[in-house]
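Structures follow.
Common to both upcoming complexes is chain A, partnered first by chain B, then by chain C.
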Partner chain A sequence: MSTDTPFLRIEGVVRRFANVAAVDGVSLDVSRGELFALLGGSGSGKTTLLRILAGFERPDSGRVLIDGEDVTDTPPWARPVNMMFQSYALFPHMTVERNIAYGLQREGLPKGEIASRVLDALAMVELAELGGRKPHQLSGGQRQRVALARALVKRPKLLLLDEPLSALDRKLRERTQFELMGLQRKLGITFVMVTHDQEEAMTMASRIAVMDRGRLAQVASPATLYGTPASRFVADFIGRSTIVEGICLATSGDAVVVRCPTLGIDATARSDTPPEVGRPVWIAVRPENVTLGVERLATAANAVAGVVSDIAYLGGSTTLHVIVDAGATLLGSMEGAPRIGRGARVWAHWPADGGALLTK
Partner chain B sequence: MNRHAGQSREGAHWAVVALPYAWLLVLFALPFAIVAVISFGEAAPDRAPPVALTGTVRNYTFLFTDPLYVSAYLGSLRIAAISTMFCLLLGYPIAYAIARAPARWRPALLAAIVLPFWTSFLIRVYAWKGILSENGLLNGFLRWSGLASDPGTLIGTEWAIYFGIVYAYLPFMVLPLYATLEKLDGSLLEAAADLGATPARAFLTVTLPLSLPGVVAGCLLVFIPAVGEFIIPDMLGGTETLMIGKVLWDEFFANGDWPLASAVATLMLALLAVPIALFQRLGAARPH
Partner chain C sequence: MAGARSRFLLAALAFGYAFLYVPIVSVIVYSFNDSRLVTVWGGFSLRWWRELARNEAMIDAALLSLRIALVSAIGATILGTMAGFALARHGRFRGRALFAGLVAAPMVMPEVIMGVSMLLLFVGLERLFGGPERGFPTIVLAHVTFAAAYVALVVQSRLADFDRSLEEAAMDLGARPATVFRTITLPLIAPAVISGWLLAFTLSLDDLILTQFVAGPESQTLPMAVYSSIRMGLNPQINVVATIVVGLATVALVLSSLLTGRGTGSHAPK
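For the complex of A and B:
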């Protein structure tokens, strides 16, 4: 473990609106140079937390430290932080150049330096020839770049991005994701972004904080979130999975046997921290871990029989909904086009480590 | 059938477009043309109407050479300009406060701005007479509170006219300003703060420039009627304050000189057209 203090430290931050806690006791550390994502649905508190980092909201309690300095009471205009707004918030009465120069003028820099830094920023986002345009003369993608240039030209210690790509269409969004990541690596600036799009967070972020009703549900790398979700909320929010309820029957090493009434079997799962026998638990099974077949595979740790009810062909793969005889609906997937028809009787199998064991 | 329907729809379309033009023609352009024509005539008291159309420009040369009229015009423009400035200085903070107030309060606050319109204009100006007169409410309060034992008299001074005009026309300043300020995207101010602007700096560089169309509209709505204002200077002002509206009234009703009165009115419109054109160009130069 390194002994460095974290670059961004959020300590027990609470923010209430009319007695409802939008952010309810969040503590979080972000390292220097990280691309960190706050992920959650609407009302999860992710945007409020970002606005607290920017200084637009003051926490009712708790502290925010940036690079070791307590900025909880620092107004937004004095923070070493810049934000890219979801609506971009470009000044409509100023040209692109003046928009980008605005933050540098506030620092009272000499004219020559402002001009050269504005040109550099325009070149960085590949808008060199559009400096004289007004925001309403730009496309959505160009506006997004101006907003990015305007925030980055200040050379902030921390860049906040509020749903940075939500206003772009799908193709442009995917391209811009990689551009943003490349820029972040090149500049080495710490990024904290808010998104409701789990694919975007998984693609871009080195770590993700999943937020639920003002609290952190889990903070982990994308692979950990997906593979070993900490709760049913995370398992359900990240990707797709079938979550079935059961009772822990027995444990042996990291293997846990769970009696699942809606599956009609005693399923086997693995967990590094096996629960007590007798307590209610849940198993979350990812569709890609479920193998479907007409014959029962004798080698599989878990196997249930059912009927295919729905088929969704996604191009590269097919997702099948199987109604298990005992009642549960299980998601399975197979590569390529569907080779089983609706109404077919199938066996669904998954290995012991194909299901995540959840205790909450 | 279809062609018929199409024609009647086209007819309706033209009627809708033509209506405002017809309105302007009948109720503005035509009467003004009559006034303009009369202004080139001479007074003929024995006729009805008392005008002889001789085509003379005597009325205009008279207006430009008689110091009374020149000072009345200049006085009107000056008083209107100063009143407009006071209205702007007072109206901007009011409009800003209403626009920034919680959404559920705004209708009530706007209603409070418009509420005075429910009482007759004449009565409200008359009420100011009561407030500002020698032994009126204001002086009574000053004496009672001991702030001034021998307060001067406001009534009959130019200041009384400013009180009256600012009071009467303030809503016309507040409403267009409110309309532009209310539309102002709050995230622009957050962006300004985020980029290092203090609240005062953000106001000067973002709020003020973006509210300029409202400033222009408000100033026009106050300035134009204030130039021609007759009732307020007549009731609150003194004899030494000359405003063109009062001169026009005297010329028309006391002297019965229709052509000269018409020339006064025509010249006033010409004088107002210049600031309007300038202001509108200023407003049009800014998109959004």
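For the complex of A and C:
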């Protein structure tokens, strides 16, 4: 992996709409061949950032470099970038073949080459027999494939995908996720994808940038985001967790003792960068790290007693809401069907490395 | 109760349609009347159709009207499409409300007022620049002015539900703005533009008031010819002229609504 020159570099990009910064000083590097996801809720600025990469929006300040070349002032039609739109944006008055050929015709390629590349692209997305159809004669999944073929047939250096799977139903979405990943590995094209669906981002992306109100909350691999979130926002946004507030009491090595009034205990957590003693911190505990039992386990680093208030059976596992005696609501999970009833008194335990220590 | 109510609704519907269309149907029927008297049925005949075919003044007027309608519909379509684009696409530019009002004004302005003001304009222009000569050019200019408003309305409403991401996709695939307009935007709004043209054509063809103000002494359009011949007394030939005009207008309107209907049907699949 060469990391010396990033393939896509975003430098301090700011974009304001009527004095509200949709993208507020984002700097980001993406390596060649990566499948990178911009993840965030609505209004987080992820789509604006993608549109800046495509050239539809101009940043108020900052630069965008693709393969070492500054494209900040390059219009969309001259960028080595293609985009797959959320609505697919297939041209309704053209057949599937003409939709795919459109981008090649703009390059002024000879007819024979256009025809053969269109056929290849149709074969790649397994739509070889539907070339003569109009978009409104296709199913949602087929339209998605046409949009993908139309963007890839130009052999872009960078493919942008705006919520690529949001219009598909759940089953088809899961299958298409793996097809897209396979295609990306085969072609070696760098993908930058925008999504609000954290599962989609976790499944597909090699790295994820979590965006919040125009800024990057964290940029990391899915495992890092989930295991060691950088902030309460990320811990809350990715997966599910209980976040409790406390004050750092003492540190020794990577172990941190936190006094948590709403848990009623001094909890132990681990952190590579222990905070100063006395400052407010938060502990985020994932439900699957919480072991529930009627008896208190002597070996667990952290243990609190409480009452089960809600039970959600999810098939493979069960999530339980435990109201701790000191006031906090803790999420715990157990495998399979619930073996504890509502109203039962339980002990909830988690190990020292089962909670992420957050300082913001 | 429901039966009585639906019978009342049917009667109201029948009365409404009768009120609108019985006069037109009777004109069409009476164009095949053999009698010299307009109001007395004297048996079926094509006598007045043949007579009209020999009436050169009427035919000249009809040809002039057609020429005016063709040219002014083209002018109105170009200007109206541009105005529709400005209104639908350029957001809240400075003076947008004023511009929208100015575009729509000819639709609500009494035609007599428009006629007087245009006559004053053309007289003034003639005094200053020696032209344009009152007749064909001035009638075309007047018709373009008010028909463009209708074209702008049709095009604007079509553009309002136009998916902008189609144009962005074309740009993303390497098309410059002019190419995007030629290959994506124009083909997709073509139904609205064509139906705007047809509307402008029909409006121009049967305009009388405005035309009378701006027409020169030499030029007589079809509505003017019909109007002046009626003042001499009712002539059965007028029924024939009316039948032809009604036929043309019906064809244009049906075409126009077919085009807009088809447009929204196939381009908005959801």
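As a convention for this text, the second predicted complex is superposed on the first by the 357 of 360 C-alpha atoms of A that agree within 3 Å, B and C clash if a C-alpha of one lies under 4 Å from a C-alpha of the other, contacts with A are read in each partner's own complex, and residues count from 1 in each chain.
Quick note on the criterion: a residue touches a chain if its C-beta (ideal position, glycine included) is under 8 Å from a C-beta of that chain, and two chains touch if they have at least 3 such contacts.
No experiment lies behind these values; they were computed from the predicted model shown.
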Overlay on chain A: chain C relative to chain B, clash or fit: clash
Partner chain(s) touched by A:Lys154 [first = chain B, second = chain C, both, neither]: both
Touching partner for A:Ala54 - first (chain B), second (chain C), both, neither: both
Which of chain B and chain C A:Gly140 touches, first, second, both or neither: neither
Touching partner for A:Gly103 - first (chain B), second (chain C), both, neither: both
Common interface positions of chain A, toward chain B and toward chain C: 54-56, 75-78, 81-83, 85, 87, 89-93, 102-103, 106-107, 134, 136, 150-151, 154
Residues of chain B touching chain A in the complex: 185, 187-188, 190-198, 201, 205-206, 209-210, 286-288
Footprint of chain A on chain C - complex, ascending: 163, 165-166, 168-176, 179, 183-184, 187-188, 266-267, 269
For the chain A and chain B complex, residues of the former touching the latter: 54-56, 75-78, 81-83, 85, 87, 89-93, 102-103, 106-107, 134, 136, 150-151, 154
Partner chain C, residues of chain A touching it in the complex: 54-56, 75-78, 81-83, 85-87, 89-93, 102-103, 106-107, 134-136, 150-151, 154
